[in-house]
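These notes concern the structure reproduced below.
To keep things simple, chains are lettered A, B and C as they appear, and every chain counts its residues starting from 1.
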Amino acid sequence: MVVPLETWLPWLDVAGLSVFAASGALAAVRKRLDFVGACFFALITATGGGTLRDLLIGAPVFWMHDATPVILCIAVAVAAWAIPLRWWPERALEWFDAVGLAAYAVYGAGKALHVGIAPIPAAAAGVITACLGGIIRDITAGVPSILMRHELYVTAALCAAACFVALTAFGVAAPWPALLGAALGFALRAASIRWGLSLPPHRGH
Amino acid sequence: MVVPLETWLPWLDVAGLSVFAASGALAAVRKRLDFVGACFFALITATGGGTLRDLLIGAPVFWMHDATPVILCIAVAVAAWAIPLRWWPERALEWFDAVGLAAYAVYGAGKALHVGIAPIPAAAAGVITACLGGIIRDITAGVPSILMRHELYVTAALCAAACFVALTAFGVAAPWPALLGAALGFALRAASIRWGLSLPPHRGH
Amino acid sequence: MVVPLETWLPWLDVAGLSVFAASGALAAVRKRLDFVGACFFALITATGGGTLRDLLIGAPVFWMHDATPVILCIAVAVAAWAIPLRWWPERALEWFDAVGLAAYAVYGAGKALHVGIAPIPAAAAGVITACLGGIIRDITAGVPSILMRHELYVTAALCAAACFVALTAFGVAAPWPALLGAALGFALRAASIRWGLSLPPHRGH
């Protein structure tokens, strides 16, 4: 069965929004902020990437015309606040971030293609969009940016967006480019979190 | 007497712009930058929040179509540069920031409502807008973000924006929602600066 | 011979894009990131300023409607990755940044004037645009922002943009305002890199 682009992709947006909100709220909880601070971090982490994506492609900013994203971020922050930290899996923030990275890379590229952006800028916009939430969260919280660690992070976003854009360009039917792209991106990031998979660094001389 | 929305609200914008410019210029002076650096910090601190607000709601960026905001920022920077540091009240930067926070939270939410944004996103846009100037100032200056201190900061912006949006939604006549919202936000932030009022942090386990 | 505005200015954009991409890629190489990280840093450093410029003036974001900028950034990153670090001139990152600063200050102000922005906001937009790439690069890489050093940085951008805007306003024929503005900005920045030229800091009391 073929799911058209329009009905499938928005779920990736909701998924990305929820898990980035969770990673933002957890970052605030770890820094022992108050509850409003946790909601604020959930909101800026979750909406940052999508806001940049919409500004880049010239679309109305998605969370301005629908109250759902803001309410969803607050609900996620309530859950992150209420659940004791010891109940969360180890590196929970990183795992939420991994899902959000893969989902936003594909959805960002997909929404860009949808409004007529060419494949290469669309993939680049997907990558920047996917990485922005984590960058905003880390820099605002005053911790070293996740980008600077020797892990697959930008690479995972790039593979997700490039796989999605390439399969779409080659005419693969609707759910597969998004599904395969997001799965590839998440698998690479998961391999990096779990087994330390990374690309070789610059030789440095 | 009832002041319509259009004539009252812009004064909050001028107030926010001036005091955020002063807080940016003072941050530059404390870091012993040169005069042009003080003007630059005044400009990015003062215009940062309003620029994001206008981009979020899809309005033209306010300081692009009027030379007044840029001239006002430079005038404030000249004053901040010329007045000896010992003449400023203790924590002057924080007090300017407090006025700007309250003014921008209300004006940001008000301008969003004015262009047809729904109440909940409008309040969230007001909060992010109000906090952005201080975040830009602190991160660019390389000092820990004001958000991360255990004070009422986001909470004060939230109460200002939520009070304004709620009173407006319930049909309260024009100057009162803005006045009461800004007064509430400033009072909360002032209580935090003066007496250390804060919300309880996360219990941390 | 008089070169009209439209044919001359875009070369400054290409120049700014290329050299900011090189400075971003070099920053990533110095931090020993992997190759994809170097491409990402090249892209956000090179496109950051122009993206803000286009958002401020309400123009479509330049690299969304043309694949060339993204491809150019990747090509520059490949070169920065492949060439051994010891072959680069000392302070290569700073020199690339200096060319980009001067080119973007003039091109940012010029594009703003071209879409009808008044001279003072246009010059301010040129300055912020020129400085943004370096700020994004430094803050994301976790190094102190180039703005905070006691060097001519914002001042060089300001002189470039102000010279260009003033000469254009006084009706000087097309290539000269851009050429003289960019040359002045680069000369000031070069004097600061080479001989430590700077403005006096605030006296601090």
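We take it that a residue touches a chain if its C-beta (ideal position, glycine included) is under 8 Å from a C-beta of that chain, and two chains touch if they have at least 3 such contacts.
The shown structure was predicted, so the numbers you read here are calculated from the model rather than taken from an experiment.
Trainee: Subunit B-subunit C contact: same residues or different, taking over half shared as same?
Mentor: Homomeric contact, different residues on each side for the most part.
Trainee: Rotation angle for the CA superposition of subunit A on subunit B, to the nearest 5°?
Mentor: 120
Trainee: Determine the centre-to-centre distance between subunit B and subunit C, using the mean Cα coordinates as centres, and give it in whole Å.
Mentor: 29
Trainee: Can you list every residue of subunit B that touches 2 or more other chains, as numbers and ranges?
Mentor: 55, 139
Trainee: Provide the residue numbers of subunit C that touch subunit A in the complex, in ascending order.
Mentor: Touch residues, subunit C against subunit A: 28-29, 31-40, 43-44, 51, 55, 60-61, 63-67, 69-71, 81, 84-86, 139-142.
Trainee: So in the complex, which bits of subunit A are touching subunit C?
Mentor: These residues of subunit A touch subunit C: 55-58, 112, 117-121, 124-125, 127-128, 131, 135, 139, 144-145, 147-148, 150, 154-155, 158, 198-202, 204-205.
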